[in-house]
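Below is the structure I would like to discuss, written out as structure tokens.
Naming follows writing order (A, B and C), and every chain is counted from residue 1.
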Amino acid sequence: MAEMMYREALNRALFEEMRKDPLVFVLGENIGERGGSYKVTEGLIKEFGAERVIDTPLAEATFTGAAVGAALAGTRPVVDILFVDFTTVPMDAIVNQAAKYEFMSGGQGQVPMVLRTQGGAGNSLAAQHSQSLEALFYHIPGLKLVMPSSPYDAYGLLVSAIRDDQPTIFIEHKLLYMTKGEVPEEEYVVPLGEADVKKEGSDVTLLTYSYMTLKCLEAAELLEKEGISVEVVDLRTLKPLDEETILASARKTGRVIIVHEACKRGGIGGDIAAMIMEEAYDDLDGPVMRVCGLDTPIPYNLELEKVCIPTTEDIVEAIIKIT
Amino acid sequence: MSTKIIMPQAGQDITEGRVVKWLKAEGDTVKQGEPICEVETEKVVFEVESPADGVLLKIIVPDGKKTEIFATIGVVGEPGEAIDMTEFLSDDRKEEKEVDVADIRKRLTQKETGDTAKIKVSGRARKLAEKKGVDLTTIEGTGPGGRIVEKDVERAAAEAADVKIRVSPVARKMAEENGIDLGIMKGSGPGGRIIKEDVQRAIEEKASEKKITEKPGAAALKEVKEVVPIRGVRQVIFERMHQSLQQSAQLTVTMEVDAAELVRFRRVLGEGPENAGIRISYNAILVKILARVLEEHPHLNSSVIGDEIWIWESVNLGVAVDVEDGLVVPVVRDANKKDLIAIQGEMDELAEKAKSKKLIPDDLRGGTFTLTNMGFLDIEAFTPILNPPETGILGVGKIVEKPVVENGDIKVGQRMTLSLTFDHRIVDGADGGRFLKRVKAYIEEPYLLLAAGNK
Amino acid sequence: MSKKSPPKSAAKSKTSSRGVTEKILLQMYRSVYATRQFELKCMDLYRQGLVRGYLHPYLGEEAIAAGACAAIGHDDFIVSTHRGHGHCISKGADLKLMVAEIMGRATGYCKGRGGSMHIFSKENHNLGANGIVGAGIPIATGAAMGIKVRKEKRVVLVFFSDGAANQGVFGESMNFAAAFELPVIFMLENNHYAVSTPVECSFGNCDLACKGPAFGMPGICIDGNDAVEVYLTTKSAVERALNGEGPTLIEAKTYRHGGHHLNDPGDYMDQKVLAEWKARDPLDILRGKIRGKKKVKEVEDQAELELSEAIEFAKNSPQPSVDEFLTSIPNF
């Protein structure tokens, strides 16, 4: 085991997969010499050259669409989009092309591409660089959606996503890049579609993913001292959704809170809550609750930004309310 | 004046930096904007400029050491300036405040929203609520301390049943005014809604029914003059008194006491120059006495809740007041902690509110024992009925002059009869007697109230 | 390398004001100088933690905004970019409200909600900076359409970079504006880098001005470090637009004096080329064309005074109220 940063784990996954499979290549803005804004692609260009580490023109619609084409032509492109906010520019390539090609072609035209991007607030980057837009992709049949919270998961899930034959949206979080965690030295995968119980508990279930996992674990630890046993389920992959693990935990504790940074209205939490009501209503001891971001664009001012995003305190409060 | 040199912010996600090298030594003269040291963050080295003109007074973070961004790494000031570093650095950025779970709990208890676990509710009421499917969060409690008691749930259940009936607002109002039970009616409006005409019909039917049921047999002997619906205060009294007798085993014991000292005590209080203008009533003194005795005998300051006896910490004395349409019992809270003047003031205020019908529900809630005085109606002794969920009520009769035998002589005494009703399920006769005896002692020697512990 | 080096022809007109009045020269100088000082001060404020988020300095490119904004009127619109402080200042923004915004204060142009990347000023007809590269180009095209619908005599001046010229919306907007003869001036600030990617690596044809004729409008390549040249070229484009002849593409060549944002050291930039460009500082070039050195000094002193007052104002301004913010969120 070695301790490494989230961004280093992602970097390692790219290195290993590119070494192993010459069909894997990365493309995006400023990922070559500069190594990407968060250094995830650092060093790749030295080993693999400009043919497989492509600094694209600033043209998301085109290079994402091009990745779809490259995937159809038998490669495994990993597209890098600086901010999830910018994925709205190539939405056609993602929604109408990548997600649907295999289906429309009767299974002939697979699109084994990964679109890596990062989102979330917390750095005063204001309304166009701080969003959590996963629900947009969650809503599109044909896409897989991954949002890891730890270096271990980041590595294992990126490896799986690259090897997977369907298009995968892989959303990292800007506040996670510098976080550290244990990562085994040998190669491993974290399969897509498997949630991870990050902490076991018996009184209440927190369902969460990405950066909010850290906040949920903090809240769980605080309440453990108070005699409330909190289970934290990190969904890791949002599509396919690990309904089995979610329902097992809901049935076990009888109380569920879904925590995500994206705004509540139209968020993924609502869908998961409905699924739990449909499948496990009789095992619940109260309504499924949500702790989510406010329904507002993210403001620049740091104090205003803070109130838009769930805090550990908000999570603790929700747990106390329903236990 | 000294100025801090801080570890500069060098990126959104960068939390610390390292001082590579100080370009100036302590004591060196520096100019504002002049490079003063080099710092490094994430492979980027840059110069930090002096924030002011003066002398580099102190290097806090030496070459090669790391620190958090915005931490003070050095100080620029006047030559020879002395600074208290502890104070100077006291406003440096602090760690994010930790989450205070206890504080969150406190805040939530105050809010008490959407959470039945935090609501004060009796076991019995909770059980009934479960049975009847009543949401406890929507009920206002009328028990001590705002606790939800059984009858609150009953009322809520009745209202809820009512709500489910589809009825127009006008029809509902008419039904309420005429005592029509909407639950047994069929509506003729859209979707089976009960409308005005339906209620009108029911009122007419009820009137003719009355005539029919009254006439046979009874009709020959008595004529109906007026039918008075049992509503408002009367309805509350009606239900409570009935409930009182149904749900407890009431025993009344009486005792005649010498009221001469009480009369004198009250007169002296009223006469003293210190008390000019302050009238103290017998009831106020009796409240004070009862509060004292209840502190001594807390088992009478209690309620039966479910299968438990709850002894109250608060001593809240209800004082029955006769008003136009019935009887109300406003409550003097924490009577054991108040002096006579305070008690009198509160009682006057409550009596005034009762007369002008301005009592608010809170004035009537939370009693733990009741005092009822019928002396003004020349009644000497009676059997008071418990005011549920209390377990004791003291009735006080008129003070009457009577011949009494004292040491073999017949003298004119001032006598008063006390009637104590208590819940015999939890208070034995002898306990009741002992309680009454203490009340007697204070009435006969009111100055005992001055003893230690009195407030 | 030759593609990146400064235009040699510029040297000839180094000291010539080419008939531009001293009033205009001083107005432009004020813009360039105030922008330069503004950026340096903001970087200080950032290091102290008073400014957060992203800060993209306009250092080295000041002459473009200064010259172009001097050529349009108060009622004409501009559309800005993430590197927009210079556009904003040159269009007449109040430095107080700008600094306050960049410091996230309640008194700022956008109540502290926008920050450096999103300054908007209705009063100055500045339709806003933008965090999405290229997003301003269709917005400007649409604003010009609005002008036409309202039958007004106004123009829209849109700034964007070489990076944005690679977005699909650039070509689409150029075509749209030309097809409808819209009064837009497309000001392509070619600072040679899209974040860290050099122009030569992201264009098949590095002559960006040639894209104008391809879409049916003039494409003029100029020295972006010469405010006078920018002014005169923009002036003719404005006349064309007001005459109903349609849009113009101006490629103004310039060079960033540092990395993409203030925390980007810009290691990928060729230091020799950078030094050459720095030797052709737009501030010095413009100063060299103004005869009245006393007036230059006056302009500098005045700008510095305004700026220090603005910083004081911002520092003393309240943070936005969290409660007010929360109650302002609509419940859709």
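We take it that a residue touches a chain if its C-beta (ideal position, glycine included) is under 8 Å from a C-beta of that chain, and two chains touch if they have at least 3 such contacts.
If you're wondering where the values come from, they're calculated on a predicted model, not measured in any experiment.
A.B. asks: Please indicate which chain is farthest from chain C, where distance is taken between mean Cα coordinates of the chains.
C.D. replies: Comparing chain centres, B lies farthest from chain C.
A.B. asks: Select the chain whose centre, defined as the mean of its C-alpha atoms, is least distant from the mean of all protein C-alpha atoms.
C.D. replies: Central by C-alpha mean position: chain A.
A.B. asks: Could you tell me the distance, in whole angstrom, between the mean C-alpha positions of chain B and chain C?
C.D. replies: 65
A.B. asks: Could you give the separation in Å between the centres of chain A and chain B, each centre being the mean of its C-alpha atoms?
C.D. replies: So the centroids are 50 Å from each other.
A.B. asks: Quick check: how many Å separate the C-alpha centres of chain A and chain C?
C.D. replies: 36
A.B. asks: Among the residues of chain A, pick out those that touch two or more other chains and give their numbers.
C.D. replies: Answer for chain A, listing residues that touch two or more other chains: 123-125.
A.B. asks: Give the residues of chain C that touch two or more other chains, as numbers and ranges in rising order.
C.D. replies: Where chain C meets two or more other chains at a single residue, that happens at 52-54.
A.B. asks: Touching at least two other chains at once: which residues of chain B meet that condition?
C.D. replies: 12
A.B. asks: Mind pulling up the chain A residues that touch chain B in the complex?
C.D. replies: These residues of chain A touch chain B: 38, 123-125, 174-175, 177-178, 218-219, 222-223, 225-226, 311-313, 316-317, 320-323.
A.B. asks: Quick one: in the complex, what on chain C touches chain B?
C.D. replies: For chain C paired with chain B, touching residues are 44, 46-49, 52-54, 263, 265.
A.B. asks: Can you list the residues on chain B that touch chain C in the complex?
C.D. replies: 6, 8-12, 14, 44, 48-49, 69-70
A.B. asks: Please output the residues of chain C touching chain A within their complex, sorted ascending.
C.D. replies: 52-54, 104-105, 110, 112-115, 117-118, 130-134, 163-164, 166-168, 194-197, 201-203, 267-268, 319-320, 322, 325-326, 329-332
A.B. asks: For chain B, which residues count as touching chain A in their complex?
C.D. replies: Its residues touching chain A are 12-13, 15, 99, 101, 104-105, 107-108, 114-115, 117.
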